[in-house]
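I've put the structures underneath this note.
Each of the two complexes below includes chain A, the first together with chain B, the second together with chain C.
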Partner chain A sequence: MNRITSAMMELMSMDELSRDSSFVHARNPLAKLIVTIIYIVAVLSFDITNLTGLIPMVLIPVVLFSLSGIEIRVCFYKLRIILPLIIFIGIWNPILNRTSALDLGLFVLTEGTLSFLTLLLKSLLALMMSFILVATTGIDGICAGLRRIHVPSIIVSLILITYRYISLLLTEAETLVTAYTLRAPGQKGVHVSAWGSFLGQLLLRSMDRANELYGSMRLRGFTGEFHYADNDKIDGTDILFTLICLIVIVGFRIVNISRLIGGIFI
Partner chain B sequence: MDKSVELVIELNGLHFSYDEKTSVLEDINLKVRKGERIGIIGANGAGKSTLFKLLTGLLTGRGEVEIAGTKLEKKTLCEIRKRMGLVLQDSDNQLFMPTLFDDMAFGPRNYGKSKEEAEIAVNKALGMLGIEELKYRSCTRMSGGEKRMAAIATILAMEPEIILMDEPSITLDPYNRRKLINNLNEMDQTLLIASHDLDMILETCERVILIDNAKITADGRAEDILSDKELLEQCHLELPLCFQQAMPYNRDSN
Partner chain C sequence: MHMADALLAPTVAATMYAASGITTGLSVAKLNKEDITEKLPVMGVMSAFVFAGQMINYTIPGTGSSGHMCGGMMLSALLGPQAGFVSMAVILLIQCLFFADGGLMAYGANVWNMAFYGCFIGYYLIYRPIMNSNIKNARVKISLASILGCVITLQLGAFSVCIETLASGITELPFAAFVGLMQPIHLAIGLVEGLVTAALLIFVYETRPELLAGVNEMNATDRMSLKKVLIILSVAVLLIGGIGSQFASSNPDGLEWSLFGNEESGYSANMGLDEEDYGVSSSLANASAAVTEATAFLPDYAFSNDSENPVGTTVSGILGSAIVAVVAAFICFLTGRKRKTVNE
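And now, the complex of A and B:
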């Protein structure tokens, strides 16, 4: 299986995950969207050196993963591409900022290291929460939720269509690579001399297909509005779920639980 | 033409070209009555798919297009598309939702049906084509033939009055092709089928329109046009197999 095919399979597996049934899957997309947005804002609002305050926030995605029946390792596997980038951005902090934050004699924790760990954890938590939203809601549910909170339809359409076009672009790229490979035995990848025409063809073919696909959507009444989610009413469980999550998130944001627990023992 | 029968499609002087130099369709005049089954035939690039795109407003040409008494304009597009479904030539372009059920419900929900009503329409269309087992299958995990049936099902679920099908039998195996022919014969909607599968056209349509050199070259009874060897060969087509079988088999005759 080539890399393009496996990328497509991964994209499809996200859609498949969203079709499972669990307590989290059954919640209204809007409820999950609100919880995710508030959670991400809360996580990002922590001070760059407030690692102890941030640690209890780990509990929320962990509980949601447990309730959804999705294994956390699936999430980490999917995030393997983006994690090196986060590490690359934060790795400079321990090198550039060597001011001592905690001196334990043998071990000195610098502010740079602390900010690096906080940045890493913040990114990880935001990504985990976004993953659980996508994996339990699906892109259509998320878009319907965005419309309900009055995000302009043009932006929502853009998100939905971009998502759809990623798989379209991958399909076209896969077809081109297969056609190339069959006539270039023994070659590893696409030779540099063919890159120009390869990219040009990919662009033209993708544009053509995107146009056809959008035409097909319009022929079936798509005008940028997500009418098919109109009847998904929010019930009592959704409201309770949202309230509990929000109380826990705000509670963890205001009260430094780690320090509180530490205070009991010291 | 019998005036008592309601006209559902009326084209007057329709003209279309992509580059203003070469006409893809020129002076197309056509009247289609309610419930008629028409086969649109012609060589590759004759303009069959373009004609369907013009009828659904995906392309805009010169001339008049009237669907069920409503003139095709920007403001009437939604109303017209609600009454008319188009099965595209490439099924991959028709299927864009995660599962076939989502894809089939997309049209009915957009046109105001409730979740329950849409599900009834979906089940009815699936049952009609006998593909109930595909309901929750991801469209990307279907075979070419399954995708074709799925694409047709997405249009049937909208319950349109007029159905346009661009090469519906393409990629279907003989068994599914036969099933499709039987299904088409059971439908009571107005059908316009563009295809190179002339045997299927002969079995499903009572009227045939032959497009050649951007114009309607022939318009008449399916049996008359599809048995006219000379006319078909002039337009880079050949007799349907069922008519060819009357001739002795000769591999070297080409």
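And now, the complex of A and C:
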């Protein structure tokens, strides 16, 4: 599967997931946005060597995944995007910092290894929480939430237009790439002699399409502002959901649950 | 170059959000003064175009690998810097939300690193001065503007990634070693992106020149001479090279440190290797070292005869930047010449 098809599939799968119905899907986008941001801030604020304190934070996204009916493994596929940079930056820690953090005789855990593992876990947790937000909210819900917190109308409208046109232009790009590949079998990408004209054709078509879009929007009375149905009021369940999540996040951040549980047995 | 959430401390993420937020606010305020009803659909479709365009791979001649286009410079050239910046911010948000490319907390940093430099620094300090210069050949102008724009703004973005990661206390890698790893990688990426952007903009210039924002807006009296353009670029090179090199550490870089340690700074020799003995015992290695010593006119980024001199480090930085600029300009020249030959 090439990159274009893969991107289209990812967009479609996220759209499908957001159309399901569950307790998490039904929550107000703003409530989910607040919980997600507070959760990620809490995760990032953990010390780079505090792996034991960070581990219980896994429970929050796991519970939300479970409540939404979405399989956790679906989001692991997206790790391929962020892992290279994380590994590139984090892999030096075990090499450069060999100070012993835990000496068990046969096995010595260094501070560098500990910080690298913490870094990997932080990436995974941030990804899981962002994924659950988008997979249970969808683009329309996110944009409605952004308008509610007074993000400028131009940005929200632009997100909606861009999102809708991405699929269309990806399809056009795929057609172009397929046509090119059939004429140049075995070639890894577009040859240097066609760099300008290849992408340029797509650009000119896009510009023409943008002008047609502008014309049709003007004919329907577009004045620069999109209007949304105001049917996403925050109810009591949303407030309760937000409060419970925030209490749990803050609790897990302040109290080292792993140490607490371990202390019971030792 | 997308930063991930885990690489940032909350304070750094918040600072970058504030910086990007202010820039977005100012850009939106500027756009709201214009007729946005006309610009909005164009911005939306162009953002989607950049997104789709980034998925197409371009074969890099002679390497067997491939690269893709640069969005910021191209959007600024076609839409103007403010609209280009807002469009890039939207592309980055969609990439972050739907493709996990970046992260919600790292979004502010990503907008700054990839959209701000490309759209504002790249447009106002590089693209526009070159496009308004009195260089006669339009292809040369576009190539120079695109390649220098992409290379310099990507270098600035990569440098910001290093500073943000360092400020977050994420990596044990010394700053100088981190910069030493990041900058050359992004130099190569910037060159490829610059060439792809140049090829695209030349195509647009030849088929629909009216689409290139601001290129034909200035009249002849406003045009900047080539001399002025070169002076501006030289000052930029001196500033970036000079200031950047002050950050260069006198400590050994990460690889040297991990192999030999730095006992003067209190570190033990990590792998028990002696820098004087290790690897230089063979006659071939001795000969190689002698040749390197003799030919390196700026060993360890300082003057050959005075390694303690900090001025040497600064001059090395400036010279290095100048060499990069010359190489970029030379590639532009070759590309323009090749295209001319093909057309004839």
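Quick note on the criterion: the second predicted complex is superposed on the first by the 201 of 266 C-alpha atoms of A that agree within 3 Å, B and C clash if a C-alpha of one lies under 4 Å from a C-alpha of the other, contacts with A are read in each partner's own complex, and residues count from 1 in each chain.
Criterion: a contact is a pair of C-beta atoms (placed from the backbone, for glycine too) under 8 Å apart; a residue touches a chain by one contact, two chains touch by 3 or more.
Keep in mind that this is a model prediction, so the values were computed, not measured.
Enquirer: Could you tell me if A:Asp140 is touching chain B, chain C, both of them or neither one (first, second, both, neither)?
Expert: first
Enquirer: Kindly classify A:Leu104 by the partners it touches after superposition: chain B alone (first), chain C alone (second), both, or neither?
Expert: neither
Enquirer: Of chain B and chain C, which one touches more of chain A's residues?
Expert: Larger number of chain A residues touched: C.
Enquirer: Does the superposition put A:Ile89 against chain B (first), chain C (second), both, or neither?
Expert: A:Ile89: touches chain C, not chain B.
Enquirer: Which partner does A:Ile254 reach: the first (chain B), the second (chain C), both, or neither?
Expert: A:Ile254 contacts neither chain B nor chain C.
Enquirer: Quick one: classify A:Ser157 as touching chain B (first), chain C (second), both or neither.
Expert: second
Enquirer: Is A:Leu169 touching the first partner chain B, the second partner chain C, both, or neither of them?
Expert: A:Leu169 contacts chain C only, not chain B.
Enquirer: Have a look at where A:Leu182 lands relative to chain B and chain C in the superposition and call it first, second, both or neither.
Expert: neither
Enquirer: With both complexes superposed on chain A, which partner does A:Arg209 reach: first (chain B), second (chain C), both or neither?
Expert: A:Arg209 contacts both chain B and chain C.
Enquirer: Quick one: is A:Phe222 in contact with chain B, with chain C, with both, or with neither? Answer first, second, both or neither.
Expert: both
Enquirer: Can you list the residues of chain A that meet both chain B and chain C?
Expert: 164, 209, 213, 217-218, 222-223
Enquirer: Provide the residue numbers of chain B that touch chain A in the complex, in ascending order.
Expert: 53, 56, 58, 78, 81-82, 85-86, 88, 90, 92-94, 96-99, 102, 105-107, 109-112, 114-115, 118, 136, 138, 140-141, 154, 158
Enquirer: Enumerate the contact residues on chain A facing chain B in the complex.
Expert: Residue list for chain A touching chain B: 8, 12, 15-16, 18-19, 138, 140, 164, 167, 171, 209, 212-213, 215-223, 225, 227-228, 230-232.
Enquirer: In the complex formed with chain C, which residues of chain A make contact?
Expert: Where chain A meets chain C, its residues are 3-4, 7, 10-11, 14, 36-37, 40-41, 43-45, 48, 75, 78-79, 81-82, 85-86, 89-90, 92-93, 95-98, 112, 115, 119-120, 122-123, 126-127, 130-131, 133-134, 142, 152, 154-155, 157-166, 168-170, 172-173, 176-177, 187-193, 195-200, 202-204, 206-207, 209-211, 213-214, 217-218, 222-224.
Enquirer: Would you tell me which residues of chain C are touching chain A in their complex?
Expert: Listed in rising order, the residues of chain C that touch chain A are 2-10, 13, 24-25, 28, 31-32, 36-38, 40-49, 51-53, 55-61, 64-66, 69, 86-87, 89-91, 93-94, 96-105, 165, 169-173, 178, 195-196, 199-200, 202-204, 207-208, 211, 254, 257-258, 270, 342.
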